[in-house]
Structures are given as structure tokens and as C-alpha cells.
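Please find the structures below.
Shared between the two complexes below is chain A, which has chain B as its partner in the first and chain C in the second.
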Partner chain A sequence: MKNTKGEKIFYFFNYIFLALLGVTTLFPFLNVLAKSLSSEKAVISGKVSVYPIGLQFGTYKYVFTNDQFLNSLKVSIFITVVGTLVALAITVFTAYPLSKPHLKGRKTILLMYIFIMLFSGGLVPHYLLMREFHLLNTVWSLIIPAMVSVYNMLIIKNFFESVPESLEEAARIDGTSNFGVLFRILLPIAKPVLATIGLFYAVTYWNAFFEAMMYVSKPELKPLQLYLYELIKQSQKPILDVDAALNLNSESLQSATIIASTAPILVVYPFLQKYFVKGIIVGSVKG
Partner chain B sequence: MSTNTKIKKQNNWTYFKKNYEFYLLLLPGLLFIALFKFLPMGGLVIAFKDFNIFDGILASPWVGLEHFKAVFSDEYFFQVFRNTLLISTYKIAFTFPLPIIVAILLNEVKNMTFKKNIQTVIYLPHFLSWVIVQGLFVTILGSTGIVNQILEPFISEPIRFYMDKSLFRSILVGTSAWKEVGWGTIVYLAAITGIDPQLYEAAVVDGANKWKQIIHITIPSITSTIVLMFILRLGYVLEAGFSQVIVMYNSTVYEVADIIGTYVYRTGLGQMNFSYGTAVGIFNSVVAFVLVISGNLMCKKALGKSIW
Partner chain C sequence: MKFKKSMKRMVSMLAVLSLSATMFVGCGSDTKGNDDNSKTENNETKKEEKVTLKHLGAFSEFDPNTDPVAEALKEKTGYDVEYFMLPAENAIEKLSLEISGGTSYDSIKMNSPEYNLLTAQGALMPLDDLIDQYGPNIKKAIGEDSWNAAKVDGKIYGIPEKNSADNINLSIGVREDVLAELGLEVPKTIDEFYNALKTIKEETDMIPLALSSDYIFIPTIQSAFGIETNWKEIDGNLVSKVEQPGFKDYVDFMVKLYEEGLIDPDMPVNNKGNSMEKFTNGTAAMKVMAWWDAPKAIPALEENVPGAKVAYIQPLIGKDGQQGIMKDRGISWYTAIPKTAKNAEEAIKWIDAKFAEDTFKYFTIGEEGVHHTVQDGKYFPVLPTFFDERNRSSWYLSGIDETNYPIYWAARVRKDENMSNAYDEFMKAQSVASFEPLGFAPALEDLAKYEKSLATLVNDSVLNFIAGEGNTEGFDEFVQKWNTSGGQASTQAANGWYNTSK
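Now for the complex of A and B:
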């Protein structure tokens, strides 16, 4: 099929527009990456765009030998790994029974989950509860808040519902228990969905910031996002600007910290990207 | 005991024996939501009490609706409420149509490698925290940032984007578009994929050009998805982007940027007005709940679709 002249023009501008969109998305990363690798002098003069000027790696050396950064990195890795595993387990354990239409009490339990998705006790009561349970300034105060995402649970539940009943029946005739069906039949075929939801949880935990701001004040418990937030806040104060030019809070150092905190997401993202589009469409809108 | 109830009991027993594993599996989740989701809802009573952190929730005296009266006679509360609605409305106006347009344009791309790469790139910002996004944009918009560098010939001194009341809301809308427009295309791309290709073939036979195909086939076919997403988005009109604002704002721009969530945080926890903060929180939760429920009901009625 031949393209008409009008169509050719349309395609041309379409490619240009979408390419521009991609560039707009990537530009901030490239700019910050370039700044993190540039000399402080070049950064302050404002000349750095997308390639480094006065290439140096000292900023990264400083970031990765900075105790507070390394400590925050450790906290973030811990809450991401432990949080994701626990959250994924609870989510799967909840989704599996709720995918069985014959289960007694299913409707009531589902309604409870949907209710907590739509209505929350709000900030102050949650804070007071954490305080009452003596969870303030513990690593658990960073893991508990994101532990059950109803949205993620519904995605997995919808997936389980889409698995043909005959598959499970065959296993049950062979004497497999309900646990066995979950672990030996369903979970292996649910791998792409689990990868997607695992990614969602991991990103949520890695990015969690406000919980830490609310529940944690000890420096040794501050996750990376809170550390970065405080660094940015500090450098934004106008009085410190002059000081910062000579000091450790320099812009290229801040840029290096931003890149170092984003790196894990950038590294994991392409591998899991192929899964999540499928995963989100399976569970998002129920027809 | 009559035989009837005996059989029933026996049935219950066999049902339980066959299904107890399901209930065991449900237990951790239920325990979690009971402790950390439903229990805090009980904590909402402090909005009706003069809560004192030393006396605890139970011992604090009841004061009825006093805190709510204080909230509704507080001029600043209305300012905050207005900010919430304004920021949210701007966001809907600018960032709701964009993903639809981008999805339609992406669908017209024939080169699959190009399409995949663009998709990979534009989905990415969705996975970044607002702290990272703030870090990126502070760098770009700062006084030594590239934007001020480009504008330098035209302005006398660097623009302090984050300190400017007339610009701050635009920054909120702009950065939220940068972060979420790409991700927002997924739903529409899925809807477009579902369109019967025969429709396009027939249109080509009838001599319809690309533009006509988009107007007469693509858009009508995804209208129900657009309406669904729009109603749902309206349901969340009170969600002006708490995690974004709390990271991005500062005391210079409170007047235009303070929203319900940030106000609750600063008064309720920052100034320890626990009861007052909770009263504002309840107002927010209840209105939001009603809006979301009505939105979903509308979707069910009008389109036969719902999110749950």
C-alpha cells in the first residue's frame, strides 16, 4: 500500500513529535548525569548541558565513601528486599482464596479490602498508632505502611481467576492440597504477573519517602530518598548558595547523589519492562 | 438435635476440612488490615475529642463538633481547599488529554523498534520518586541551571522558579505531566489494540485518509475508555498530588501550593494539633470517598464498567 503525500507529511511530523517527547523525557537525566561528571567550576558557570565539561569522577568517589550515603543505601536495600518479599507473599496468599468464587465469606472480605482502598484513617491516626505500637524510629515503620496494596492484590486475583479450572482440578484428583495447587500449579504460571507486582512493590519501597519523614528521625534509619531530600532542601536555601560553591554541598555532588540513587531503578527497569505492560492490562479494568 | 441441623453441621465440617487452607492463607492479610488499616479508623474519634498525647485517646475529654467548627471558620482552610481544587483542575485540564493524543500517535508508528524504544523511555519517569524528580528539576530550573542559562539574554537576573508564586503551580503541573503522561498512554494503547482492523481496511477502501481514520474510527472506538478514565479521575479531584507537593513546596509558596494533605501534616503533626488535623483529615477522607464511589457508580451505570 502506497502512502499519499499527506500521509507522508503526517508520518514525518509524527516521528519528529514522538522523538521530541523522548528527548524531553531523557534530557533531565542527561543534564544531571553530565553535571555529576563535570568540574564544579563548569557547573557553576551554567555551561553544562548533556555532556560533561572538565570530566571528573571525584564526586562519585565522594558519594560512595560517604558514610551517611552508604548507610542510607543499606537501609533502602533492606526495606526494599524484605518489604517486597513480605508484601508479595501476603498479596499472593490473599489473592488466591479470593479468586475462588465458592469461598464462604469471600464477598465480605473483598468489600473490606475495597473499603480500605477508598477510605483511610488519615495521617494523624496512623502516626499515633505507630507511636502506640512503639514502631517509631524502627525499620518496620518503613515496611508496614506499603505492605498490602489492594490494587496489586486485585491484579493477581484477576490473574488467578483467568487460569482454567481444569488445570487445578487435574491436580486435585491426583491428591494435591490447596496449598500444593497454589505453589506447584499457579505460581509457576503466574511468574510474569509476580514479576510485575514484585517490581511495583520494590519501586514503592525504594521510593518511599514520606513514611520515613514522618516516622523516622534517627540518622542511621533514614532511607536514601530522605537523605537525598534533605540534601536538596539544604542546597535550595539561598543563604547557603555561596557557601555551597566552596563546600561539600556542591551541585555536582548533589547530581552524583541523584544519579546514584536512581541507578538501581534504571538498571532493573529494562528487564522487567516487558512484563509490566501485560501485567497491568490483565488487572486494571474489569469489563 | 434434629437430623436437619446435624446434616448442616456435618456439611459445615466437611466444607471447613476441604477449605481450611484458604482461610489460613487469608489470615496474615486480614490481621494486617485489622491492625494497620481498621484500627487507625478508630483513631478518628480524636477529631471529636480534645486529644492530649499524655492522656491517650480514651482518657481525652469529648468536645463534640468543636474542632469541625474551628476548621470551617478557619479562612486558611478554605485557601488550602481552593488550592487543592485549583491544582487538581489544572492537572486534569493539561495532563488528561495528553496521554490520549500520544497513544493515538504511537499507534500510527509503523517502525516497531522506534515505537518500543519511545515507549520504554516515556514509561520510565513513572517509576521515579518525587524526590528524584525534584532533584532533576531543581538542577534544571536552578539559578545555575540550563533553563536560566538559555533565558539569560532575555532576563536581567535568574528566575527563581521555586520561589515564584505565579510560577509554582505551573511547575507542579509541568513536572507531573513529565512524570505521568507516558505511563498514562498504556490504558489507551490497550484500548486501541482492541479495535477491529477490518474497520480500517474498509475505511481505506472508502478512500478515508489517516486523519479521517483517526477521527472516525480510532477516537470513537476508545471513547468509552476515555469517559471511564475521566470519571474516575474526577473522583480523585481532591488528590492534588500530596507526595509531589510535600517534596516540592517551601514556605515562600504556601499561599499557592499548600493543599489539604500538606496542611494536615503541618498542623496535625508539625504543630501537634492532633485533633484539628484529624478533623481536616476526616473532611478530606469522607468527601473523597463519596466522590470516588459516585464516580464508580456513574461508570457502572453509563458504561457497564467499574474498577472493582
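Now for the complex of A and C:
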């Protein structure tokens, strides 16, 4: 059907408006990028908007030779890779049995999971628990608490439930065991869901800083996001200590650190994004 | 065929199982490994009578375990120390958590609010006997005033660390070239100051004074109204700034400046960065500055406005000749030992070793000729060695050698010409500068309780007079509110201490 003249005009302006709206969301990001590449003089006199002025790469050189940054990067990569793998494994092992209606006590177990999804013991008990397990100031204190996300577990469980029972029955007639069914039948079909949940976990682990703030006091165990958070917070605080004032980092350097620590996860996104929507819908909508 | 298949299945299952098993074993054994290590370390060190001390410090952006200063300290004191840090945010909450969980730190460096909290909780060890026994150097280095500030009910729970030097930190930077063009001199009195702002407003299109909402109490201007410090002795009693006679006049003056457009109209929404932008790109003629702003601000300004020259205004002289400014002195840190510490004695010995004269000098400013040079009794840094190897010394302090450290410390300011110039200019006001009377007060519960909320109340109300109401008609009401929201209690607490300390 043809659009009327009025509609055409409406669409024209609508698209322009939406495009502008899209561009505005990019602005802050471009601004930080430009600042990271500009000279400090240009940055403090407020001349930098979306393109660099007084182009320099010294800030990036500094960031990538800074021991603290590299150390934190290592910690973050370790947590993200190991954490995601462990979390995926545990989540699948939890979700699979719970997707079977004949499992005894299934409802009770599920209720317990949902209960902890809504209510939490609070920070102090968590801290004491970590302490009693001797996990404080270890890298595992950053991995273990986030290992099973109930939400993610439910998505995978729903997916398993949506797989026709006959598929599994066929496999069992051929003599496949429980593990066999899981690893050879279900998981290959579940790839989109696993990719999505894996990305969820990866993003959670990559962005986590609160656990580190509470459970870790060793500077060499700080993940990247905490390093970044503290770097920025420190410079925004009113200056009380003269010696702190003497060591303030420049804004270009902060911006370079922000870019350098956002880039890795940004690179992973596009490759997994296509699974995103598909993965969630496949899991939740049942035909 | 079938056998083969099941073999394959077995193999893959085993592979998966062993994989997941190693994951668990991995994390299990790792933590165990750590424990074992620390145990054997303890055993070994016991034989040698040296332990690895655990020290918790405030947040800073470096790793104290790998810094050259840590090495220097280890070399001189012989102690192995593992350093930990509080987070930049929620530090006090984290510290409470650690303490209530029964920490094993041997020493903790904390700020006053943290010290107040932990002494109130009874979490710290009294140190009097330990210092008497093992701390001759500590006793020698720290003065009586500082010790008094650390006392709670007559006992010392932390080693007080005085500010590095008696600095004057704030002034107003002014474009001397702009003033010269208008035939004006750098203002000395409050009238000259007002006149300068007025002339800039009338003759140029510059913003006379760039200001942000968190800097509305400007020491340089307060000087002319007789307000130097937050508390001041009047007729034998300490009176808060809010109730000092000149305070209303100061607020009136600021209201007038804002009403007449002599202060940046964007002041209420400006932050530090905005007002710095306006000053450095040449749109504003004056700005409240700290001397450590100079190394960034001056080069930026010179690039944007060739020929620009900055002078710093001395504390302005009032109508009746009043002049004064606050010296930054007081206790900024305490190093304490928690009751749960395992090696309290060793910790005190370690701290004492840091105060030994050559050790203290070595880890704070290094060796002469390598890290610093001395000219006419003044210390100058050797660049870049000084800042590569001694930049973070202050983090490792557990108190300062109160006679020598201010002299050593000044080397830090001399790393940059602009900073050094600004610092020297600011310090010219020494003759009219005075100390904050409460800078050496011990932990006063009522003061600590209301400090933050009162500061917010004062800042918000005065900001509202200046930028909102445009007059000070509600001033008496504000003082009343200040009194009922904890001001009165604070005044009583302050005087309670002041009268006994005299």
C-alpha cells in the first residue's frame, strides 16, 4: 500500500529524529575516546568534544605499561574465562535434572532456588561465609559467589523442558545414559542458549567489582573494573590529603583507562549478539 | 560395534568428569595451598624470630607490595610486610566488616572517622605500654600535641600522623595581564578586590570570578571578614564559623557578588572541572585555586592565551584591617593495632624501626645525590629518580618525624616550576595564618556525629542564599536550624575539650 503524503513526511522526520537519538547515545562514548587521545592541556580547558585535539598516544602507552592495569587485566581475564566455564557447567548440571518432572522433590528444590533469587542473606553473612571458607583475598572469592544465577538456570531449564521428550526417548532406546543424553543430544541443540547464557556470565564476571571491593584487600587481586572504578572515584572526591592531590591522574589518562578496559568485552559482543535474542526466546516460549 | 560405541561414550564422559573435577580440585587445592604456605612461612619465620607482618592501609592507586619504597623499608627494617588496601569507596564499611570478622592484620592505618568508630567499638589495642617498651624512636619523633589528639579516655590507641607540612592550600588565581590592561594591581584589600571584579565585568566580556558550588567558602575572601578557621576562640570559647560575627557579612558579600554578575552565573551547576575550563580557556579572569592545580592549569592557560600571566591573591584585608587564613595542620591519619592482631609487639618494633632517623629519611626522600639534592637547607628532587622511587612514600608513613619531615616533604612540591611558584606565593601568608583549633582534638563523639550533616546544611543553605534567595533574610533562621540540628551539641563538645586542654 502506498503511503499518503502526510505519512511520508511523518516517516521522514521520524527517521531523522530516531537517527539523531541513536547518535546522541554514541556521544558520551566518543567524548571519552576523544579525551583519551587529546593532550591534557586541551582537556582541562574544555576544548575536546568528539574528536581529539592535540593528538597523542602517550596515555595508552602509559596504560599498557602500567603494572596495576596489566595485573588487573590478567585477573579479569582469568575470572571471566574460568568463571564462565565453571558457571556454565554448574548451571547446566543444575538445570538438567530440574527439567525432569519425575525428579523427586523437584518442586521443593525449585522453590528453594526461587527463594534465594528473591531474598538474600545480606552482605555481612556473605562476608563471614567467605571468611570461614578461607576464600577472602583469593581469586575464587570472585568466581564462586556468582557461579549459579537462578535466572540463567531457569532459562536453560525451560529450554530443556521445551525439547520434545521423544528425542530423549529415542536416544535412550539406543542405550544412552543420562550423561550421554545431556552431552550428545541436549547440549548440541542448546548451543544458542549456552552462547547467550555464557555471554551473560561473561559480562557479569567482567563487570563485577562489588565482590572484589568486599572480599579482596590485596591490590594485586583487583579485577579491572574495580581498578577503573577506584581510579575514577578517587579523582572525583574532594581532596583532603595533600599527598593524594600530588598524585592525581590526568583526565586523558583516566579516559584511556576506561577505553582500554571496555574494549575487550565490546569486541566479544558482536560475535555472540546474534544468539542473544534467539537464545532467550528459544528457552522461554513453548509451542 | 556396540562395545566401541560405549567405550567412546565412556571416554567422553570420563573426559568431562575429569575436566569438571579438576575445576573443583583446582579451586580447592589452590586455597589450601595458600594456607599451607602461610603456615610453613610462619613456622620458618618463628625460628628466625621474624614474622611476616600484615598491614592494611588506605586506598591509593598503586600496588604497595611492589613499590620501590616497600623494598627500601624491607632493606632498612628487616621486616617482611604484606600490604593490603581498603577500597576507595565504602572504606569505613569494609573496615567494620573486617574488624567484626576478626581480622588478622597487625597494623591498620586509618583516618579520623575510622579511628573514632573503631575506638568506640573497642576494637583497638591500647598502645601506651607497647610504645614505652619498644618505641623510643616513635616517642622522640612525635610531639605532645599530636599524642593528645590520639588519646581516648587518656589512652593511646593509634600513632598519630600529622599533616606533611603547615600548608596554606587555597588562594585565588588572577590574570595579572588582564588587570594590567585595565590599569589595576593585584588586589590586597576587600575593596580593591570588589573594584577589580566590577571593572572586569564592565570593561571586558570575561567572567570575573569562576566558581563552583563546592568552593563557596573562599579563604582568601573570608580573611577580610575575620573568618580564618572553622572554629575560633572568642572570649575564651570556641565559636563555629556559622556563629562568628563576620560570617553573615561574608555571605552578604557573596550574595552581592552573585547578584551583580561578578561570580559566574553557572556557579550552582559548575563542578571543579567546569570552572577550571573557564579559567584555562581564558573566559574567566579569576578562579579559586589550590597550589597543586597550578602545574596543569598554567601550561593550559598559556597555550590557549599566549601572554597570560597568573598572580595569586594574598588573604584579603578587611575594612578594619582583618586578615587571616588557615594553616593546614592537624592529625590526618592514625596507625593502630587491632585487638585480634597476632604480632602486636613485632608491629610496634617495625613501626619504631621506620622512625629511626636514617631509615625515615631514606624511605621518605631517598639518598642525597641519588634521589635529592640539598641547597641552602632546602631539598630538591632529582628527576625522575625521586618520583620513580619515592613518589609513594607517604602511604608507608606511620606518623612523621615532626621536626624534619616538613623540610623533606617540600621537595615534592619542587618537581614542577609552576607548582613551586604557586606554593611559595601561597606560603607568603604564613605570618597571618593560624591553625584550626580542633585540628589536634581527640575523637570527639558529638562532633564526629554531626560533622558531615552540618557541613552539608551550611553549604546548601549558603548556596541557597547566594544563588536562590538573593538575600540573607533567612539567616537567623538558618543559624537556629544549625544549632538544633547538632550545632549546639558540637559547640559544647568542642568547648568541653578546649577548656580542659588549656
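To be clear about the criterion, the second predicted complex is superposed on the first by the 269 of 287 C-alpha atoms of A that agree within 3 Å, B and C clash if a C-alpha of one lies under 4 Å from a C-alpha of the other, contacts with A are read in each partner's own complex, and residues count from 1 in each chain.
Assume a residue touches a chain if its C-beta (ideal position, glycine included) is under 8 Å from a C-beta of that chain, and two chains touch if they have at least 3 such contacts.
Note that the structure is a prediction, hence the values are computed from the model and not measured.
Visitor: Given the alignment on chain A, is it a clash or a fit between chain B and chain C?
Guide: Taken together on chain A, chain C would clash with chain B, as the superposition shows.
Visitor: Among the partners chain B and chain C, which is in contact with a greater number of residues of chain A?
Guide: B
Visitor: Using the superposition on chain A described above, determine whether A:255 touches chain B (first), chain C (second), both, or neither.
Guide: Touch partner of A:255: chain B, not chain C.
Visitor: Is A:114 touching the first partner chain B, the second partner chain C, both, or neither of them?
Guide: first
Visitor: For A:218, is the partner it touches chain B (first), chain C (second), both, or none of the two (neither)?
Guide: second
Visitor: Taking the superposition as given, does A:171 touch the first partner, chain B, the second, chain C, both, or neither?
Guide: Neither chain B nor chain C is touched by A:171.
Visitor: Once the shared chain is lined up, is A:18 touching chain B (first), chain C (second), both, or neither of them?
Guide: In the superposition, A:18 contacts chain B only.
Visitor: Between chain B (first) and chain C (second), which does A:228 come into contact with in this model arrangement: first, second, both, or neither?
Guide: A:228 contacts chain B only, not chain C.
Visitor: Is A:179 touching anything from chain B or chain C once the two structures are fitted on A? First, second, both or neither.
Guide: In the superposed model, A:179 contacts both chain B and chain C.
Visitor: State whether A:47 touches chain B only (first), chain C only (second), both chains, or neither.
Guide: both
Visitor: Of the two partner chains, chain B (first) and chain C (second), which one does A:127 touch, if any: first, second, both, or neither?
Guide: both
Visitor: Same chain A residues contacting chain B and chain C, which ones?
Guide: Residues common to the chain A contacts of chain C and of chain B are 44-47, 89, 123-124, 127-128, 144, 177, 179, 213-214, 226, 229, 241, 251, listed in rising order.
Visitor: Touching residues of chain C toward chain A in the complex: what are they?
Guide: 2, 6, 9, 12-13, 16, 20, 23, 27, 30-31, 34-35, 56, 59-66, 83-90, 94, 97-98, 100-101, 163-165, 167, 169, 214, 273-274, 276-278, 280-281, 290, 292, 296-297, 299-301, 303-304, 328, 332, 391-392, 394-395, 412-413
Visitor: So in the complex, which bits of chain A are touching chain B?
Guide: Spelled out, the residues of chain A in touch with chain B are 1, 4, 6-7, 10-11, 14-15, 17-19, 21-22, 24-26, 28-29, 31-32, 35, 43-49, 89-91, 93-94, 96-98, 100, 103-104, 109, 112-114, 116-129, 144-145, 147-148, 153-154, 177-179, 182, 203, 206-210, 213-214, 225-226, 228-229, 232, 235-236, 241, 251, 254-255, 257-258, 261-262, 265-266, 269-270, 273, 277, 280-281, 284-287.
Visitor: Touching residues of chain A toward chain C in the complex: what are they?
Guide: So the residues of chain A touching chain C come out as 40-42, 44-47, 67-68, 71, 82, 85-86, 89, 123-124, 127-128, 131, 133-135, 137-138, 140, 143-144, 175-177, 179-180, 183-184, 213-214, 217-220, 226, 229-231, 233-234, 237-251.
Visitor: Chain A touches which residues of chain B in the complex?
Guide: Counting only chain B, the residues touching chain A are 15, 19, 21-23, 25-26, 28-30, 32-33, 36-44, 46, 53, 57, 102, 105-106, 108-110, 114, 117-118, 120-125, 127-132, 134-140, 142-146, 148-149, 152, 162, 178, 182, 186-187, 190, 204, 209-211, 225, 228, 242-243, 246-247, 250, 261, 264-265, 268-269, 274, 277-278, 281-282, 284-285, 288-289, 292-293, 304-308.
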